[in-house]
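First up is the structure itself, then whatever we jot down about it.
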Amino acid sequence: MRREVPLTIVFICGAFMAFQYFVPHYASATVYEYALNWTTIISIFTLAVGIGSLVNLHSDRIARRKPTWRYSIVTLAALAFMTILGVSSPDALSNPTGLFMKVYFYILSPVQATMFALLAFFIASAAYRAFRAKTLLATLLLLSAVIVMLGRVWVGDMLTGWLPEGLRFSYVANYILDFPNTAAKQAIYIGVGLGVAGTTLKIILGIERTWLGGGK
Amino acid sequence: MGPILKRFFLDLSFPLLIFSVLIVKPCVAVDRKPTIKDPESPGDYVFRYKTLAPDPGPPGRLIAADAPNDAGGTIIVSWGKAPGDNGIFDTVKGYIVYRSEAPDTGFSMLTRLPAGSGSYSDASPENGRSYYYRVASIYADDTLMAAETAGAIPRTQFFHTRRILVLLFMLFFSGAAIFLISHSKKGGDLYIRPIAGIDAVDEAIGRATEMGRPILFVPGLGEASRVATIAAFTILGRVARKVAEYQTRIIVPNYDPVVMTICQEVVKEAYAAAGRPEAFDVKDVYFVTQDQFPYTASVNGTMLRERPATNFYMGMFYAESLILAETGFVAGSIQIAGTDQLIQIPFFIASCDYTLMGEELYAASAYLSREPQQLGTLKAQDWGKVAAILLTGAGIIAYLFSRGAGDALKAWVIGG
Amino acid sequence: MTVAAFLTLCIFSFLYRDNPFYTFAEHLIVGISAGYWVAILYHTSLTDLWIEPLVASVRDFGNPGGSMIARGGMIVVNIMPGLIGLLMFSRFFKKTSWISRWPIAFYLGVSAGVALPLFLQSFVIRQVAANMINPVGVARNMAADLTVLVNYGNSTLLFWQGLGQIIIVLGCICGLAYFYFSAEHKGILGGAAKIGIWILMIGFGATFGYTVMARISLLIGRFNFLMDWIAAIGDYFKV
Amino acid sequence: MYGGFWQKVADLDRRWIYLVIGLATFIPVLTYIRVPVSITSEVSAVYDKLDSLPRGTVVMVPMEFGPSTMAELQPMATAVLRHCFSRDLKVISTALQIEGVILVEQVLRETAMEYSKNYGVDYVFLGYKPSPDMVILNMGENFRNSFPRDYYGIELDSLSMMNGISNYSNTACIVNINATSGVDYWINYANGRYGADLALGVTAVIATDYYAFLHSGQIFGLMGGLKGAAEYERLIGRPRDIANRAMTSVSVAHVFIILFIIIGNAAFFANRRKDRS
């Protein structure tokens, strides 16, 4: 019951959806549309559960006075504040002067943006301290990277502007992107496509069961 | 530069950066003009030779047909462009599509389309009934009716004829995978070539023993169900076993609590298998935090404190990959990485001694674990690759015979 | 605005070292973004996808016309996904957590089923089709360009384009050879795999170069923001 | 003494590097020097396609980016929308990444205002629904399956623009501006299953991966990161916009990063030689 039912559901849904692709008949199309719709609705609840676990995690931290429990209060308070703000007013999402939008633009958005902006510093530091042409392969990689970086900006053309077009950085960079890069990515995508097919097949057939988690 | 000056600059660099802006900002003449609305849209430089425009006329040949390979309920109406509708003369304003259920009377307007359109798919009919269409071109002031009428009956289809190759390929691949997995389960031997990175593992552990330093294994940021994480468990098992044999120490900091539990099991089992269960210290496989950058900071701290001889990065990695690899490099460790995150692979290659790229990670895991389902799928994927190469070759050979044969084969492969 | 700038600086402070300001900003954001999710899901998804069709079908049940079974069936069809979704919450209770596998099974089954043929089609078959090049046409273009080069001393670059086509086809095959695990890399296969890994490295190099550009762009975005903030403060003091 | 110098170079505190790269990026932001930008064919393919469509044609511009990637994709989105609106194309948009919904709404609303376009007549914003793969598939059947109401809670049937528009086949093309791995779904599902004409505007990080799909004809155009945005701004005749201004910083920072790689490697090899001898 605990394992058989989910495995049966996966098999029926998976096999039907896989073969539906080849059967355009309206009966099959109707079932397909409902299945898609149901899945979207179920995923709303999946996200809700995610938020539920977040609350669980932080209230647990507070209850047990874990080292960072004071910060957990901040998290929960912010969650409650934003939820009330967003759900209570019907035009929270469309009123640009409302408090909800203000919190989004002045707190949420800048912080998320800045978190990623840190990466520029990290990449510079790693360029200096760790990216080494130790092997032939690493050398090839770094050379290709340098050409593409120069070819994408005007400095590259400034350096090589006197050469015939076929030897300028921008042309060579485009050439690398258009041809060897395409070949590499194609090989990888064929591998990825087969890999995904293998994994989904194992899920549908019930061979791959890690998603069931532990327990019986 | 004196140490005091250096400290001063380092500690103040960011405040200074911000402060410098406050000062520099007013001094630099800045062009902060707001963006100006374009009165005329750019790109609209078409000269209009209105005087030379041809006489108004009805649209060209009208065709109505049931849309192929669908659930029915759709008719595709297409027509030739009316005189003057070619993007140079701006005389045609658009088209009106009319529909009726009788061939010559009762037409009502269905939709109005802009100039330049040549077809419309009407998705409102019911299956099995006849529908008739007319299309009129609209000119600047008057409307011209098209004389022609075309009709069609929408129908539903049972099989999508342009997807045969996908079906064949899917059946071939699934069949191969199922066959190979069951073959392997029955004890059949499936050959996987040794992966170069695996040999590097033993060597690296040997070196750690010589130097008397520990080994660090980072299982990535993925959940326990991700393929890459599962592969990481297999490799961790191998590494831990060697570590137990060589009597060194292994440290495994975790990002995900579930992953941590599994890692503890894996390492414990490996120690038991090596005959030294008492040497396993559960505190060396620990949970850090589930926040990306704090986790990274903590692992970095471990690297600098413990100075591990070898770092393994196996599993899912995101932006933190380069921070980890950089710190490990500076700490002088041998580094072996493996991930299926394409974007992070270059960083690992540039800063690690050995990198298992994408599928290599899965292959390494299948090679080590000898698990039928991993081996079988990997083999089936190999067969798929051979099929892909053969198909490419068939296409090129078809072109050598004649251009028509090549084009036909290519169109069939692309399908719809 | 100033709050935003303050938080930006809190995050940048992580560059110096891990500190309470950074931790504070991080926890604040986790909470706010979760609350933001609740609001978005509530306003844009739950009501119009589930509740409204359900209410409509219940209302229709009272109306005459159509068979009772069809109208009743519509209610079932509309109520089911929500009920299945609600089962997800069973995972918060230890005893019933196994029920939450049912909705996951449905979700996983549907998405795996849809993905199976489509990934094979888009990632494998379409890529193979792209590599079915016309060797005669490519050779003709390259020869034409060489003729121009010999006779007039300037190239139309068509030769290089043609060569590129060949690089793609052979490079892709060699790349696949590198990821072929069923035989040892010796002889022809070994040679192909070696070329394959070089091609892969050039491809990864391109990704590397682009990633650098992406990261720098994000930093520029932040600096532009700080500039706006400074400009805004300037305006404030002026007024 | 010489070896000692290289040792010092190799051991340089990372905060110095942070400072250098910070300034290298920041000072050009202040100066507003403009640098030339070369136009690539994959970007002009997008421009040409949109430029060739007759006025009044419906196009789809789904935008999936959040605050963390807006620095790259917002300029691109703005440029594409400006092009659409200036040519009187009608735009349907969605935002299938939850963090970015409000951001996308703002970009759309403000650009539309700039060209005095009316909501529901000239453009429609469908908003967000969870699980992008299912939503993209569902929209291939009918927009109303996924979005019975638009972002503002208005029923789609009451919007005049959506009259007779049921799915991708009624739109001329899709220009997907995307920072997530959801791009694969647009390729696999919107193009693969429903045959929609697709172009991509993606972050530079993932841009190189999609050249393969350009080659196979699954997408007709590709814009990568700020460079792609800067090219598009040039193509629509606005070379003074934000992405072009940023290209100066990008140029300088690239040069510095390349210098870092070279100096770092020089130090590495010099030290290694010293270790050996």
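Per-chain numbering from 1; labels A, B, C and D assigned in written order.
Here, contacts are C-beta pairs under 8 Å (C-beta built on N, C-alpha and C of every residue); 3 or more make two chains touch, one makes a residue touch a chain.
Values in this document were obtained by computation on a predicted structure and should not be read as measured data.
Novice: Specify the chain with the shortest distance from its C-alpha centroid to the centroid of every protein C-alpha atom present.
Specialist: Centre-most chain by C-alpha means: C.
Novice: Find the geometric centre of each of chain B and chain D from their Cα atoms only, then give the gap between the two centres in Å, rounded to an integer.
Specialist: For chain B versus chain D, the centre distance works out to 16 Å.
Novice: Report the inter-chain centroid distance for chain C and chain D in whole angstrom, where each centroid is the mean of the CA atoms.
Specialist: Roughly 12 Å separates the two chain centres.
Novice: Using mean CA coordinates as chain centres, what's the gap between chain B and chain C in Å?
Specialist: 6
Novice: Residue numbers in chain D touching 2 or more other chains?
Specialist: Chain D, residues with two or more chain partners: 15, 18, 21-22, 25-26, 30, 68-71, 99, 101, 129-130, 134, 137, 146, 151, 193, 205, 208-209, 212, 215-216, 227, 250, 253-254, 257.
Novice: Could you pull out the residues of chain C that touch at least 2 other chains?
Specialist: If we look for residues of chain C contacting two or more partner chains, we find 12, 14-16, 23, 26, 33, 36-37, 40-41, 43-45, 49, 110-111, 114-124, 126-131, 168-169, 172-173, 176, 179, 200-201, 203-208, 210-213, 216, 218-219, 221-222, 227.
Novice: Multi-chain contacts in chain A: which residues touch at least two other chains?
Specialist: Residues 18, 21-22, 29, 36-37, 39-40, 43-44, 46-47, 93, 104-105, 108-113, 115-123, 125, 127, 129-132, 137-138, 141-142, 145-146, 149, 152, 177-178, 181-182, 185-186, 188-192, 194, 197, 201, 211.
Novice: Tell me the shape of the graph of touching chains, choosing from line, ring, star, complete and other.
Specialist: complete
Novice: Within the complex, which stretch of chain B touches chain A?
Specialist: 69-73, 127, 156-160, 163, 166-167, 170, 173-174, 177-178, 181, 224-225, 227, 230, 293, 319, 322-323, 325-326, 329-330, 342, 346-347, 349-351, 353, 358-359, 362, 373, 377, 380-381, 384-385, 388
Novice: For the complex, which residues does chain D have touching chain C?
Specialist: Result: residues 15, 18, 21-22, 25-26, 29-30, 68-72, 98-99, 101, 127-130, 133-134, 137, 146-149, 151, 153, 187-189, 191-193, 203-205, 207-209, 212-213, 215-218, 224-227, 242, 246, 249-250, 253-254, 257 of chain D touch chain C.
Novice: Residue numbers of chain B touching chain D in their complex, please.
Specialist: Spelled out, the residues of chain B in touch with chain D are 6, 9-10, 13-14, 17, 21, 24-25, 28, 30-31, 33, 35, 37-38, 41-44, 87, 94, 110-111, 114-117, 121, 123, 342-343, 416.
Novice: What part of chain A is in contact with chain B in the complex they form?
Specialist: 18, 21-26, 28-30, 115-116, 118-119, 122-123, 125-126, 129-132, 134, 137-138, 141-142, 145, 188, 190-192, 194-195, 197-199, 201-202, 205, 207-208, 210-211
Novice: Chain B touches which residues of chain D in the complex?
Specialist: 13, 15-16, 18-19, 22-23, 26, 30-32, 47, 51-57, 83, 86-88, 114-115, 163-164, 166-167, 169-170, 195, 205-206, 209, 235-238, 240-241
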